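Labels run A, B and C following the written order; every chain starts at residue 1.
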Amino acid sequence: MQEPLLELKGVKTHFPLGRGVLFRRNVGTVKAVDGVTLTIARGEVLGLVGESGCGKSTLARTILQLVPPTEGAVLLAGRNLAELPPEELRAARADFQMVFQDPYASLNPRMTVFDTIAEAIQAHREVPGAELAAEVSSLLNRVGLAARFSRKYPHEFSGGQRQRIAVARALAVRPRLIVADEPVSALDVSIQAQIINLLASLTREMGLTMIFISHDLAVVKHISDRIAVMYLGKIVELGPAAEVLERPLHPYTKALSSAMPLADPERERTRRRILLAGDPPSPVNPPAGCPFHPRCAYAIPECSRDQPRLEAFRPGHEAACLRLEQVSAD
Amino acid sequence: MPEPAPASPTPPAADAVEPGRSLWQDAWARLRRNRMAVIGGVVLLALTVLSLFGPLFLAISYQEQDLGLGAAPPSATHLLGTDKLGRDQLARLLFGGRVSLLVGLAATGVSLTIGLLWGSIAGYAGGKVDAVMMRIVDILYALPFTIFVILLMTVFGRNFILLFVAIGAVEWLTMARIVRGQVLALKRQEFIEAAVALGLRKRRIILRHMIPNVLGPVMVYTTLTIPAVMMLEAFLSFLGLGIQPPMSSWGLLIKEGAEQMEEAPWLLVYPAAVFAATLFSLNFLGDGLRDALDVRASRD
Amino acid sequence: MRSTSGHPGIDRVALLEVNDLRTAFHTRNGIVRAVDGVSFRIDRGETLGIVGESGSGKSVACLSLLGLVPQPPGRIAGGGAVLDGVDLLSCPKEVLRGIRGRRVAMIFQDPMTSLNPYMSVEEQLMEPLLIHHKINRAAAARMALQALQEVGVPEAAQRIRSYPHQFSGGMRQRVMIAMALIGKPDLLIADEPTTALDVTVQAQILDLIVQQQRQRGVAVIFISHDLSVVAGFCDRVMVMYAGRVVETADTRTIFREPKHPYTRALQRSRPAVQAKGVELCVIPGLPPDLSRPIPGCAFAPRCEFAVPDCGRAEMRLQDVGAGQASACLRVQRGELNLQ
């Protein structure tokens, strides 16, 4: 594998739940991210999938140090971001950026596009006036927007265009890593394709490393090199994109994959769909043992006691399940 | 409710950079269309101008007494009549306007500044700092205002400046709460997270990203604070704690007029009318501002 | 997953027949023609999928049928919608109220805002029964419990007195379905009921709707922005763009042989279609501004097959054979083969 850019080692992000008005008692913990170990190579696109409550958004924010990890290390090019003093962390932010889900909330409504991008450019670099304007224009063109719109305000643009502006802002600091948190979920289908193409081509051209978070498996499969599946704060499966979705190892991934709607009426009506019982769980009271066992069709008594670890079943493809043999045989 | 899709910006002919239309411009346009708000604004402007420059054009000063005349109804020389010491009511009214408006603006300014800073810091800092700061606000809220002012007046003597301070010291509490609420809501907005992620300094985030987006409700509340402040001043003067004659304020004039309501009704009617007009205007303006700044409306 | 539908030809009197529906919104920026001449029919027990992106008018069209569009700023500018002899758009308000919830029920995308947070689930389930069916409270309570069990809410007897916020998103959606079906309506309109749900929950809810549809023979209009979601479920599909219908056909046909460039483009822009690493097919440009009159075909500015005539001739939905109708001028003229 290529040299690693990002290494997560046993990352846990827990939020205490408090009760009481004057003095808050601790009544529990939300274990949003509960032990994630992962290595991402330079130039790789990692897809991160999971449903609500799985912790993928919290993981994204933990990597970006918008939320401090409770435990574990976040190493970017060997430096542990979680242990950097505030000033160094602030300077280091030029290396990693995020594209958010909601195009309507991720831009300051009172700043023009020009100001937003210029501010990003100058956050870590000194760029004189004339060059600044040129760089803003070039960034806008890069994301497919005409420079003549630069004095407009966010509310004058459509959702897809705002997302492009958000991408331009992220690129302005010249990062090495971009975390895209459901960047197309709030957009129409015909616009989604435009933004996905944009992100894919930029990543290739600029040699960026990207973590692409989505609940839409088709999108993730298209753009990612590898896919990690998250459930209740843990990674339950990790492997090459096509393999994870076409030959899943973990029961949850199987269910997820089978729940994906296919654009083919024949196959839709004849295929056997795996329906999970119950709802996605809440991270406040995770079950003992394997987090998925209450909803798992393959569960055996051991599953409620022992926590499975990620083990490789095929080269480069690992899953956290005590019954990998039986599950993969189906 | 499904909304119609937003209009896409139409591509222009030339290559020049197109001007944008900020939310402030949008709000201003909407405000101008609100008839009551415009009327309120015009009335307010007129009263302010009259109060500021009116006395310069009057032959008589507000202090001149004419004991022989006594309380006289409106006449050619004294357009609004005179009080029992023969002082010209018009002059007193205009001069009183200066005082009332000044107190209104200054005290509001004080409360705005303190409240904005207090609320922003509490909201942004969060945690224990926030808890302590807001408990202080809660405690101060519980203090009875009148007693507080009497205490101040007794200890420091009657003082014009003290009046501002006393009033401002009370009004900033609500402002702080409003600002803090806005900041808390804003903190969760993704563009604030993005600003942090970019590596911007805290000061810049507060000044460039937080405060401009908090100003909307703050502005609305400010226009509604001014009438409250003016009423407080009137109340104080009514009690004899505020402005003293020969200086006048609308509140004082109303007090004096109320005392002589039966013999000299003109002493009450004109100040009360002017005061009421000012309060109405400020309220309409405030309502208009609130409607104009409604962010949701800017999406159509 | 075949649903029971009336065979076309045998039951020719449609359950609901909509003719040239037009709904506009009077906004600050002008008159937005959200629904611009939409006609369709649905038979008893049939499932119709209405597919379109935001701004296509699919939701507004169905809300107009039930008088749920606020007027102002909305206004039904024309057309008719006949349900068993009654024109929903011009009947008196009491008649419409009697039909809503009793013969036509609707479920929405966000169950949190569609359920009353101050009423328990039991009360909300009983409400349509008490209003429309005039039965006593005890009987209604029994039916409410049964309805909740039928939609697969576990421990229904214990949870029926709970409030909406105590349920998860998927469960709330089940409650909404139970509420909609408890009055035994003839037609269920589902407005993007699964869009806000997780994929696995979406599968559960779709399964539930299909199962209920088969058991009760209720007709379903399923609104979605996702063609694939309606693929496994609906008998026929109607595709909308910019407030107009661009194509209707039965499901298999519309997927195998789309006869409108927009339908085809929608299908092809799905990431599942392209191999990894290959650029996705993109529909260039943006949806049109509905506050301006759109001459000719609304899709023409973004269409790869457009010719000058497309922007001039009036766009009409026309039969192009085998129960399929398309509004594409060039397809109607036989000039275009989209396969």
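Definition applied: a residue touches a chain if its C-beta (ideal position, glycine included) is under 8 Å from a C-beta of that chain, and two chains touch if they have at least 3 such contacts.
Just so it is clear, the model here is predicted, and its values are computed rather than measured.
Interface comparison, A-C versus A-B: the higher count of C-beta contacts falls to A-C.
In this assembly, B is the chain whose CA centroid lies farthest from the centroid of chain C.
One inter-chain figure worth recording: chain B and chain C are separated by 51 Å, centre to centre, where each centre is the mean of the chain's CA atoms.
Per-chain Cα centroids separate chain A from chain C by 32 Å. Note on chain placement: the centre of chain A and the centre of chain B lie 48 Å apart, centres being C-alpha means. Residue positions 54, 286-287 of chain C each touch two or more of the other chains. The set of chain B residues that touch two or more partner chains comprises 8.
Residues of chain A in contact with two or more other chains: 158. Against chain A, the residues of chain B that register as touching in their complex are 6, 8-9, 11-12, 15-24, 189-191, 193-201, 208-209, 212-213, 295, 298-299. Chain A meets chain C in the complex at residues 51-52, 158, 160, 188-194, 196-197, 200-201, 215-219, 221-223, 241-242, 255-256, 258-266, 268-269, 273, 275-276, 278-280. If you check the complex, the residues on chain A that touch chain B are 61, 64, 66, 90-94, 97-98, 100-102, 105-113, 119-120, 123-124, 146-153, 155-158, 166, 169, 173. In the complex of the two chains, the chain C residues touching chain A come out as 1-2, 53-54, 154, 168-171, 198-204, 207, 225-229, 231-233, 251-252, 255, 265-267, 269-274, 276-277, 279-284, 286-287.
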